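Take a look at these structures.
In the two assemblies presented below, subunit A is common to both, partnered first by subunit B and then by subunit C.
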Partner chain A sequence: MKEFNIDELNRKFQEKIDNDIKIEPKDWMPDDYRQTLIRQISQHAHSEVVGMLPEGNWITRAPNLRRKAVLLAKVQDEAGHGLYLYSAVETLGADREQTIDDLHSGKAKYSSIFNYPTLTWADMGAVGWLVDGAAIMNQVPLCRCSYGPYARAMVRVCKEESFHQRQGFEIMMKLAAGTPEQKAMAQDALNRFWWPALMMFGPNDAESKHTQQSMDWKIKRHTNDELRQQMVDITVPQAEMIGLTIPDPDLKWNEETGHYEYGEIDWDEFWQVVKGNGPCNKDRIDARRKAKEDGLWVRQAANAHAEKRRARNAKKAS
Partner chain B sequence: MENALFEYLLRLGDDSLILGHRLSEWCGHGPVLEEDIALTNLSLDLIGQATSIFDYAGKVEGKGRSEDDLAFLRFDKDYRNLLLVERPNVDFGVTIMRQFLFDAYRKPLFERLVHSSDEMIAAIAAKSLKETKYHLRHSSEWVIRLGDGTEESHNRIQDALNELWKYAAEIFYEDAVDAELKANGVLPDMDSLKSDWDTIVHAVLEEATLTIPDNNWKQEGGRKGLHTEHLGFILAELQYMQRAYPNMEW
Partner chain C sequence: MTNNEWPLWEVFIRSKQGLSHKHVGSLRAADEKMAIENARDVYTRRSEGISIWVVASANVFASNPDEADSLYEPANSKVYRHPTFYDVPDGIEHM
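So, the complex of A and B:
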């Protein structure tokens, strides 16, 4: 067997990255690259699964049968995304159950946006439109991520997210064109979700400790601020189109740069929510922990039954 | 009997709607992600069935009521679902046993309804049958897994069976509605429905090492609009938006 020294391995690895050749599970990769991916993909998986809760909150109260079915299908998609992201984490040698326990113990993070409550039906619109909208902005570049399994998972996820974003916008559009009460409900949802949605892109570039390394590894393709700007530029005209007002008095179009300028984000709130002081952090984690604990006897039964079956089949075969 | 067909469609549609509602309560809380997805799938199928059935029921009634009017704007006594399907989820065992007892009825039911003289019912049954076959396979497999799993799971699923058995008896409730629809071929060949159900239920419960309760009491009421205390709370959530914001488009 041919021996490689660590510098040689590193050189070959970076060469692949530079030539846009995907890194696959069995390829050699630096430990830091592996750890960064485990952290990022498991956070992403947790976000999908925790993200089921704020929208799941309105399934039983959806206003008509069609909306109920669409919302069910959407939340179900998020569970599916969680599944293939956990599978992607497993290709890096991490254990799915361990990463889930890390979520429950507070060691692993998930997107802070899901720590905000969904208070009205219009929040189903705002979440789809803004939260899934921001998620797409983050995830489309991840389809070109240097790690193969993650990039491929993202291709499928993005297709579904784009349907989610459209259904959310459609809910908002319908409300905005409805009665004054409905329009007020839509505006209120936009007011509450606008800033948390902008926070979804993470801290300003100057504060972001992981960005540069992730960009060198082509895990990340754009900085947080670039993506945030893209979100603002795309969303503002959409809000205008349906007659809703972005809750930012400093928002203005800059003719020279061709971008919207927007007000200062409340970073204190952001860090407080990340640290656990959001309105729903405890409720979300409690719900996930309860699902796991309540499901323990079911998983044990499934394993025990599979074991008995194997034993019976082996006996039959012998 | 005035509009037996409408009445029958409500029974069929309300079973789908209310069970679909119960299953949707699991979304985000399933014992494993795979089952979260599976339970949501069942719910989606049932809500879809309810939508087609109510759409047709509104036309049969001829008073201009839409599928949403029928789903969301009736009072509790006007709902015709089995008491079985409004029973609370409690835990995964009760949810699965409730599903199994129901699926074991719906599959042979739809197998018969595809031959209905009513073309719409036949078409709805044909589509629903495909879904229900999968539902029955899923719930049967879980009844077996839980019955033949650990001591805890065996006890839990046996308790669920004991608890739900008297509600399952309502599945075969019949009155003048059925008689009329049988006479005109809308309900073809229903005589062996109960024995088909018995066959499925006995085979699965036996493989699951479960014991059929000796309680023969039939707890009926749902088909006549007399429900348990649980339906009121289901409707409070289900109807919330339509009641709080009447006459709006969503």
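So, the complex of A and C:
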């Protein structure tokens, strides 16, 4: 094997990144790049899996069979997305079970949006429309991320995600065109999810400590504020179309910039939820821990059964 | 059993007749039967495949990217294996 010094390895690595050559699992990479990806991809995976909880909450109470089948398929997709991402994390040498234990111990985070409760059926609409909408905005640029397995997982996720947003918007559209009570329910869901959805893009650029390095490594392609602005610009006309009001008195169109100006985000609330003091943080982690503990005997039994089959087959063969 | 985790499997999918199986990702499963069933749920929810291969990841042996230069050197030095290496005069057709 050729000997390289660390500066030479770093230079060659950055050269690949600058030339848009993807980094693959067995390639040399700086430790910080690896750790950043392990953190980001595992937290992304956790978000997909924890994200099943607020929606799973409504599967048995969907208003009709069509809605129920759709919601079930959507929640199943989220499980799939979590699995694509956990496999991507494993390519970096991280242990899957350890990353899950880090979630349960509170060491690893997940998207704070899932710490808000889903109180009414309209929340299934708001979550699909706004939360999946924001997720798409974040994930589309990740399809061009410099790390091959993450980029490939994102391509699959993005293909599946657009149905999620459409089914959510359809729920909102139907409710907004329904009885006054149904419309009020849709408006209430929008009121509660609008600001948390904007917070999904993370702190303002000036406060975001990882952004610059992640952009240099082409893990991230746009800053938090750029993506947030894009979300506002795209979503405001959609709300207008279905007759709902964005809960922001400062919202106004700026002719000059061609963008909407929006009000100040409550960053205290954001940090409180990140630190674990949101309405559902404890419920979410308790539910994940319980699922892992309750499933332990199943995982052990499956391993024991596989072992027995292997032994039986070996005996037959000899 | 001390290890509660299931082994890792690499998943290959044939998307339609006439195409080869292509690596799509990996997953965890207790045995090959469960790996195929899980691969169906994880990687073919939208009819992406008509045939699935699973291979225990422990059985995959890979070349080392650090040795790429020497590994592929025999091909790099033999440009005469490509048709563009040869001059074909104007007027010669079907070659």
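FYI, the second predicted complex is superposed on the first by the 318 of 318 C-alpha atoms of A that agree within 3 Å, B and C clash if a C-alpha of one lies under 4 Å from a C-alpha of the other, contacts with A are read in each partner's own complex, and residues count from 1 in each chain.
We adopt the following convention: a contact is a pair of C-beta atoms (placed from the backbone, for glycine too) under 8 Å apart; a residue touches a chain by one contact, two chains touch by 3 or more.
Predicted model only: the values in this text are computed from it and were never measured.
Touch criterion met: A:294 reaches subunit B, while subunit C stays clear of it. In the superposition on chain A, A:72 makes contact with subunit B only, not with subunit C.
By the touch criterion stated above, A:56 is placed in contact with subunit B alone, subunit C being left untouched. In the superposition on chain A, contact of A:26 is made with subunit C only, not with subunit B. In the superposed model, A:97 makes contact with subunit C only, not with subunit B. In the superposition on chain A, A:305 contacts both subunit B and subunit C. Which of subunit B and subunit C touches more residues of subunit A is settled by the count: it is B. Looking at the shared chain after the overlay, A:84 reaches subunit C, while subunit B stays out of its contact range. Look at A:153: by the touch rule set out above, it reaches subunit C but stays clear of subunit B.
When the two complexes are laid over each other on chain A, subunit A has residues 76, 80, 83, 296, 299-300, 302-305 in contact with both subunit B and subunit C.
Contact residues on subunit B toward subunit A in their complex (touch as defined above): 21, 24-25, 27-37, 40-41, 43-44, 47-48, 50-51, 54, 67-68, 71-72, 91-93, 144-146, 148-150, 152-153, 156, 237-238, 240-242, 245, 248-250. Of all residues in subunit A, only 1-2, 24, 26-28, 76-77, 80, 83-84, 87-88, 90-91, 96-97, 149, 152-153, 159-160, 296, 299-300, 302-307, 309-310 touch subunit C in the complex they form. The residues of subunit C lying in touch with subunit A in their complex are 1, 3-6, 8, 25-28, 30-31, 34, 41-42, 45-46, 62, 64-67, 69.
Per the touch definition, subunit A reaches subunit B in the complex via residues 49, 52-53, 56, 59-69, 72-73, 75-76, 79-80, 82-83, 86, 121, 171, 174-175, 178-179, 181-182, 287, 290-291, 294-305, 308.
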